[in-house]
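What follows is a pair of complexes built around chain A, which joins chain B in one and chain C in the other.
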Partner chain A sequence: MTETLKLTVDRRDRVAIVYTEGYINNQGGEEIAKVAYELIGEGYRNLLLNLAGTKIVNSIGISILIEVIEKMLEVEGRLAFCNLTPTIEKTFHIMGLAQYAGIYRDEPAAVDGLKT
Partner chain B sequence: MDTQRALWDELLALAAREGDDRSYLEKLLGAWTRERGVESAALYLDGEGGGERLAAVGRGEYPAELAEGALAGLVTVGLPGGRLAYRDAVPPASDPLLLLLAGALRTLRMKRQLKQQRFQVDYRGVELEALYEVGLAIASTLDPRELSEVILLRAVSLLDARRGALYLLEDGRYRLSNTIGGEAIAEIEAADPRVEVLLSAGVAALEILPGAAHLLAVPIQIDGQPRGLLAVADKESRQGVGPFPPADRRTLGLFANQAAIALENARLHVQALEKERLEREMELAAEIQRRILPKSVPTVGGFDLFGWNRPARQVGGDYFDFLPLQGGRLGLTVGDVSGKGIAAALLVSTLHSAIRLLLDRIEVGPTLLQRLNQHILDSSAPNKFITLLLAELEPSSAVLRYFNAGHNPGVLVGQDGRVLTLGPGGLPLGLMPRATYREECLELRPGDLLCLYTDGITECMTPEDEEFGIERLTALLREHSRLPLSELAARIEATTDEFARGQPQGDDQTLLLLRRL
Partner chain C sequence: MTGDAVLREVTLTLPMSPDMEVAASKTASAMAEFMRMSPEKVDEVRLAVVEACINAFEHSHARDHKVHLTFAVLGHGQPEKLEIKVHDTGVGFLVDSLEEPVLADKLRAARKRGWGLKIIRGLMDEVEIASGSSGTTVVMRKLR
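Entry: the complex of A and B
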C-alpha cells in the first residue's frame, strides 16, 4: 500500500552516485543512509545523490540527510546533490544542508565538482 | 608523567576542536578505563528509544542502541542525560575523569538539543516558504491538476505525513486528483455519511488510504460548498508513525483553503476561456449568416424593394432572400426557423443552400416546396421546422405567385386603402412528410405595398405581455405607405421598439418590402 523510495547505485571511479525515485521521508531517508554508510564502508569518500526522481522530502528525511552529511564529514568525505526541484533546493538552503554539501544543477557538474 | 601529560594535552586539543565530540569522549573513556583498571566500557546518551551508544572501548560487546534490559549483567553509572556501562566487577567510584565524562556528556546533550531547536527554527522557515510558494502557484498556475499536486506535495511534506491524497468533487462524487506515498481509493460517494464523520470528527471512518493507521482529512470548500477533500495519513517520526496532533488539522485546513482559492480561480479561468471560445464561434456563425442574407437589393424595373433583418441574438433563425430567376422574374422569400441561436442559424443555412440549389433545376412551384419540405425533414431534428413564404414576381405583368408554408400572412396595402393578406397554403417545412402546398396568385397595382415579415415584428411584446400584432403593423403600413421603403422599415423598427418599452427583443425580426411604382 505504501510506496517506498527506490534507490539505484552507480559506483564509478572515486565517486558513487545514488539515484533516488520517490519520497524522501523516514523510510526513504533510512534507505539512503544505509546505502551511504555501505559506500563509505567500501571506501567511497565522494558521494552524489541524484534526486531527479524525487519531488518531495519531509523534515525526517532532511534530518537523516544531515546525519549522512555529518558522517561524510567525519570520514573527511564529500556529499553533493544534483537535479533538485526548485522547492527541494530552496528547502536545503533554508535547512543549512547547502553549507556542508554541494548542490549542483546536473550530474556532470556535480561529478566534476566532487572530483576537484 | 610524560604519558599523563600527553593524554591531557590530547584531551585538551580534542575538547577545543568543533565536531570531534565522539573522539573526545572515546579518548576520555579510554583514559578512565585505564585509570580504573577496567577492560571495556561504553558511554550511552539517553534518548527516546532507550539510549544511543556514543563511545565504546575495550573488547566488550555493547549494543549500539539501548533496548529494555540491554545492559543486564553490566555495571552502570548514571550520568546527567546518559550512563556509563562496564563489565568488570570494579565498584563504581567518583573520580576527576568520571566528572569530565559527565561534563562532556552533558555538553554533547546540550549541543544536540541546540541542533534540534535550530532544525525546528529552520523548518519553520520551510513552512513559511511553503505557504508563500503555494500562494505563488495560485497566482501563476491555472491548471487544476498541477495546482492540486503542488498543494498535496506541500501538505504531505510539511505535516511529515507518510501519505496523502487530494480529491475533487465532480458529479456528486469525490474523485481522486492526486496521491502521494501510496494507493488511494479512486472515488468516494459525496453523500456517503462516513465522509461527514471523517471530516467533522476526524475519525477514520473511510479507508481513503488503504492500510493507513492514522488519517487526517479536511474539506476543500468555496463559500461553504464542498469542492474536494484533502487527506494525509500516518505522521512520521524517527520511531515510526503516529497520529497527527490537533495543530496539524489547522495547518491542513490552511492548505485546503489555499486549494479552494486556487481551484476556484482555475475553474473560473476555464469557464472564461470557454465563454471566449463560444463567443468567437458565435461571431463566426454571425459572419456566416450575414453572408447568407442579401448584401444588396436587386433593381427591378417598375418596383422598389427593401430587406431588413435584426436577430435577437448574435445569430438568428430568420431568413430572407431575393432570388433572380429566368426570364427576368424575381423570387422573394421570407422564412423563420423554429427556435433561436446556433441551432436555428444552422437550419437557415441548410434552407438557403437548398433553395438556391433547387431553383437551378426546378421552377417555383409545388414540387419545389415538396422537395424543400423533404430536405428539411431529412436534415433537421424532429422538433424543428421552418415557416416560409416563397413568392415569384413577374415584373412585366406585375403578377405575384406565392406559396405560404405556414408562415405569417404577408400584408398587401393598396393605394386605394384596400388590404389583402397572403394566408397559408400548406404546412411549415420539415413538419410532415408528403405535405402539399397550394399556389396563390395576385396582381399588384401601381402604389401597392407588399410587406412580408416574421413573427418577431408582430409578436413584439410590451412589459405587460401585449403583442404588437398584425393590426398595428397593417395600420402602420397604411399610414406610411408612401414613405421610401428604407424609411418605412426604420419606422416599423422604431415603432416596435417604442411599443416594447425597453423589453429585450424576444425574437428575430425580418422585413421584406415590395412596392409597385
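Entry: the complex of A and C
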C-alpha cells in the first residue's frame, strides 16, 4: 500500500500556490520541498501551501516543511498554509509553526496576507 | 484503567513497512467512529496512532519487525473512552531522557525531526509510555 501525494502549482504575480492532494509523509514532504526550492530558484519569495486536499500530515512530513520554512527565512521570503483540517492546524500549533508561517482559513485570505 | 469495562476490542499486528501506519490509522478511525466521537476527535486519534506507529517503525529496532496494536472501547454501558496500546519488542529507550523539541532550535539544527511524542501528547487526553529492554508500549486514551 502506498499513499502518493499529488502536487499542482499555480504561479501568480508575487505568489506561488502549491496545491496538495494526499498524505504528506516523508516522500510527500520531499516532493513539496523540491517544488518549493524550484519556485524559490525562479524568484518567488511568497509561497502558499493549500492543503485542502490533504487530510493527514505526519511528523516526518512536517519536519521537511520546517526545512522549507528555514529556507524561506534565509531568502527573506514567506511561507503560508491555508485550508487546513482542524487536526492539522492543531498539530501545527502544538509544534509552534504558526510563529514562522502564516496559517489562513482560505486561499483569498492567504494570498492577501502574503502580498501585504 | 480501573473500573472501565471493555465494550469492544480489536487487535492488530502490522509489519514495519512503508505506510503501514495508515492501515493502523484506519482501524483507529473505525473504532472512534463506532464510539461516535466528533470528526475532529477521530482525526486526532488517527494522527496520534500514525505517530506512535512511525516511532516504533523508526526507533524500536524490533527483531520481529512488527508493531502490535490494541484498540479498546471502554466505558460503563456506554462508550466513554478509546484506549490504544502500541507495542513493539524493540530495544527500548529512556523515557526521561527525551528532550522536548522546540521549533526555534529545530530551525537552526541539522536534525528537524523528533516531534512524534509531542504531537501524541498534544492530541490525546492521556498518554503513558513504558519502555525497557523488552520493548516499548505507548498507551493513549481519548475521551468521547
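The definition used in the following text is that the second predicted complex is superposed on the first by the 115 of 116 C-alpha atoms of A that agree within 3 Å, B and C clash if a C-alpha of one lies under 4 Å from a C-alpha of the other, contacts with A are read in each partner's own complex, and residues count from 1 in each chain.
Methods note: contacts are C-beta pairs under 8 Å (C-beta built on N, C-alpha and C of every residue); 3 or more make two chains touch, one makes a residue touch a chain.
In this text, all values refer to a predicted model and were calculated from it rather than measured experimentally.
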- prompt: Here chain A is shared; do chain B and chain C fit on it together or clash?
  reply: clash
Message: By the touch definition at the top of the document, which applies to A:Lys55: first (chain B), second (chain C), both, or neither?
response: both
Task: For A:Ala109, select first, second, both or neither according to whether it touches chain B, chain C, the two together, or no partner.
output: neither
- prompt: A:Tyr100 contacts which: chain B (first), chain C (second), both, neither?
  reply: second
Field: Which of chain B and chain C A:Glu67 touches, first, second, both or neither
entry: second
- prompt: On chain A, what residues does chain B touch that chain C touches as well?
  reply: 1-3, 23, 25, 55-56, 58-60, 62-63, 66, 73, 87, 90-91, 94-96
Query: Which residues of chain A touch chain C in their complex?
result: 1-3, 23, 25, 55-56, 58-60, 62-64, 66-67, 69-70, 73, 85-87, 90-91, 94-97, 99-100
- request: Write out the stretch or stretches of chain C touching chain A in their complex.
  value: 18-23, 25, 40, 43-44, 46-47, 50-51, 54, 101-104, 106-107, 112-113, 115-116, 118-119, 122-123
Message: Quick check on the complex: what are the chain B residues that touch chain A?
response: 19, 22, 118-119, 122-123, 125-126, 129-130, 133, 153, 156-158, 160-163, 180-183, 209-212, 236-238, 240
Statement: Note: in the complex, chain A contacts chain B through residues 1-3, 23, 25-27, 55-60, 62-63, 66, 73-74, 87, 90-91, 94-96
